[in-house]
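You will see chain A twice below: alongside chain B first, and alongside chain C after that.
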Partner chain A sequence: MIQNYKWFLVTLLISVNLHGQVKLTVNTIPKKVNVKLDGVIIGKSPIKNERIRPGVHKIEIVKAGFAPLTYDLLVNPSQAVHLDFFLNPIYRIKFKTEEKGLVFELNGEHQWDNQFIRLDLEAGDHFLRVFKLNEIIDEQTIHVDEPKKFIYYLQKPVSEE
Partner chain B sequence: MNKLPKYFLFLLLGTLYSSNLDPTFLVLNHFDRSLPHADSSLIENFSNSIFEFDSTFHLLFEDIDDYENPAASYMNTIKELGKKHKVNFILFNQIKHVDDRFMLEGQLFNTRSGGLIYRRKIDLMNYLNGQINELNMWVGNVTGSIDDKWQKNRESILFRDPEDIKQEKTPLGAAMRSLVAPGWGQVYSGKKVSARVWVGTESALSLAILISFLKYDEAVKSYLANLTLYNDTDDEKEVADYRAKAESDWDDHVKFSQLAIAFAGATGTGWVANSIHAWIVGPRPYKNIYQKWDPKSPNKTG
Partner chain C sequence: MLKRSFRRLFLVGGILTLITFMSGCSMLRGPVYPNIIYNNRQPLISVTYEYGEIEVRLPLNYIGAVPDNISFEVYAQGDTVNTIISILQEAPRVFIVYLPQGVLDIHNKSNIIKIIPQDTNFQPVSIRFQGILFGRIQLPPKSIQMKQLIVFGKVFLNKNNSSLSGVSVSMQNFDNVIKETTTNDSGFYQIAIPGEYKYAQHLRLVAGNNLIFKPFKQKLDFSQAFRLNFNIGVGPSATLEDPLYLTNRENVHFREHPDIGSETLFLLEAGEAVSVTRVTPGEYHGSIEVEVGNKKSVQMYGWIYRSDVFLLDLNNIFKKEGGDDSEL
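The block that comes next holds the complex of A and B.
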């Protein structure tokens, strides 16, 4: 009788615990990426039917070669949540110039005056600003879509004009 | 309608029937821009659907996260809509555009309880027919019929995985070719001048090996002939003559042997160097960037 009572309590506890939890599905591109929920790895994507409690949660997606993603998720009661994450790759970029005395600035943050540097850049558009003697002499957007080398010139060769 | 003057209000009310026993859906689409092919795409891809239109309904367009209890905010309305259209579920899709991105929010309500049971938010960079594709994926996800081509279409706009990027021509390919035939890797990389230099150098060195070997062979044969003649004669003058010739042949055979070895070493080293050079100058993706502004122009816009 006591054992049956215990089983009843356990079942009740599990039911109460499961009730009010929300189904979470996480898909990522690329797949097989570690998914962290509130700092704990819950598995590799795709994650299906993971149960989470309503409230605010932090989801982190990290994969080598891709920009890490952190996402604050507000989970409402009585709903299933399906999340799709698209990870943006990071490409190894070389930047070279034969010109002297130039200072380059990328995205208003990173500056360098070397004639050759290597950069790890997230795929997409980046804003390049060029300075000479503390004056801006050029501004343009560079598109990063694969690991490649950018060679900066002040003048286009006559043959290419 | 008056509450959303900026939006192109497009409500698509439809009921998707797969059979009498399957769940039925009322679909409400709300887009901030005209998506003229959205309805036809849904009709085409979910062939068991019947659609009707209603432009008066706008309650669900507000952000439900503003409510204290978002999942149950529209219980009565959902129940009423369910009764009116005789459906099990209400599927609400909203698409908003921000710069070059669009956000699709899908909400699935149960008309029996009136509660929100499933929600999906997608924040994605714009791509060709992306909104329609994402709408199909979301509706397909709910109805359990996703077409692989939608997934592939979505993936096609994403940047490639660095591990999947395969260059048509690679430095390693150039190096291997130059290892097989000097200059081939340089030709493969489009460096015709250096290809000619390597072919010329390696050909000259190979020719020098051949000449040295032939001279060495000739010196050996001559030495053996003179040695035989030297052994066969008793004439003092001939003995001295054959001896001098044999000694000269011996010196020549040593000299040409050393030369052949030296040229062979130089050829081998050059061969490897040519392969390394081919790797260094090998084809790598690059892009030239030229100053966009025209320094002579007052407005510097180039």
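The block that comes next holds the complex of A and C.
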């Protein structure tokens, strides 16, 4: 009798807890990525039938070879919310120049002066500045969409090999 | 000897090649920048919501009559300007509407269903309710009825136009009393009855049942209006001169002459006034008022037995408890 009573309480608590929650589905490209919900790993993608309360939540996805992703989601009161994340890949880029005495800067913060260097760049556009004797002598945007090799010639657009 | 030198040379050459391959190869490929360079490109993210439905069920009771069509308007979050949904349909027994999830206020009763019958005889009704996240809302039944019919006015004494308080006034359909009230200290009365009587053919207003006078009766016609104003005069009019007597029973003979066998001009109801002009040992001669239409009346003269009337005392015009007014 007491056991039945406990079962009833447990069932009641579960139903009360589930009431008002939203079903969460998370898909990612690539798959099998650890997904953090509000700082707690809820599993590897794809994630199905997870429950989430309406309100603001933080989703974090980190995978080697891809740019880490943080997304603040305001979950509306609904039956289910489906999330699809397409992670930005990071490509290994070779950068080469025959010019001497140049300093290169990407996105205003990453600098090097090597004539030949390998860079790990997030897919997309990057802003390149070229300095000579502390003066900007060139500015260009380079587009990264696969592993490739860039060759820089002074005052000319970066060529792809 | 040559063979041995050749083998040694091959070994050294192999080691050098191996060293060159292991260390020099990475030098040929160039150094690696120590950090990953991000461009903070917005990743592609797709957020899709799946909304459930909220079913709202509202049973409707129609009292008396049913309007042909009803317009239902649903408002949420206290916004009475923008409807969520508006539905015009034949008067249903149960109004059912499906609303998208998340539109209703789930904390307060600020969601409203307005029921607007497409018939001017009916009163629009509003229902406030509290929403839920999703599922079904079963609302309590709501009654839809025609607009109330109201009759109001004052009751006064015909003799001197003074207001009468405590006079019973009732609305009757045939002889069934629908509603009854009494006049207040100012002689004012108001009666409201359900709108289903709007087209009743035998609706009447009756006043003065608790007075010693003949009750006032007036047929009512609400077909053109929902409110009627009737000022009711009771008792003998000012044109009847004192002394005044009232008949004390029904079917009192008012005759042309005092002789036995004389023609009866009228059969008077209880409480009808007679203005007495001459007195004989057994009968009174006097006049009564007879309505001739258009609220006009004429005086008719005749005879009446003294035992069928009693003297009117305007200071005591209410019937005694128990209804025996013959002693008055």
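Convention: the second predicted complex is superposed on the first by the 151 of 161 C-alpha atoms of A that agree within 3 Å, B and C clash if a C-alpha of one lies under 4 Å from a C-alpha of the other, contacts with A are read in each partner's own complex, and residues count from 1 in each chain.
Note that a contact is a pair of C-beta atoms (placed from the backbone, for glycine too) under 8 Å apart; a residue touches a chain by one contact, two chains touch by 3 or more.
Because the structure is predicted, anything quoted here is derived from the model rather than measured.
In this overlay on chain A, chain B clashes with chain C. In the superposition on chain A, A:H126 makes contact with chain C only, while chain B stays out of contact range. In the superposition on chain A, A:I117 makes contact with chain C only, not with chain B. Of the two partner chains placed by superposition, chain B and chain C are both touched by A:A80. In the superposed model, A:L154 lies in contact with chain B only, and not with chain C. Contacts of A:D138 after superposition on the shared chain: chain B is touched, whereas chain C is not.
When both complexes are overlaid on chain A, the residue A:N88 reaches chain B and chain C alike.
Once the two complexes are laid over each other on the shared chain, residue contacts for A:E146 go to chain B alone; chain C is not touched. In the superposition on chain A, contact of A:L106 is made with chain C only, not with chain B. When both complexes are overlaid on chain A, the residue A:L69 reaches chain C alone and has no touch with chain B. Shared interface residues of chain A (contacting chain B in one complex, chain C in the other): 76-84, 86, 88, 90, 123-124. Against chain A, in their complex, chain C makes its touches with residues 29-33, 35-41, 43-52, 101-102, 106, 133-134. On the side of chain A, the complex with chain C involves touching residues 19-20, 23, 67, 69, 71, 73, 76-88, 90, 94, 96, 106-107, 110, 112, 114, 116-126.
Residue ranges of chain B in contact with chain A, taken from their complex: 64-65, 69-72, 115-122, 124, 141, 154-155, 158-163, 165, 284-293, 295. Residues of chain A that touch chain B in their complex: 29-30, 65, 74, 76-84, 86, 88-92, 123-124, 128, 130, 137-140, 142, 145-156.
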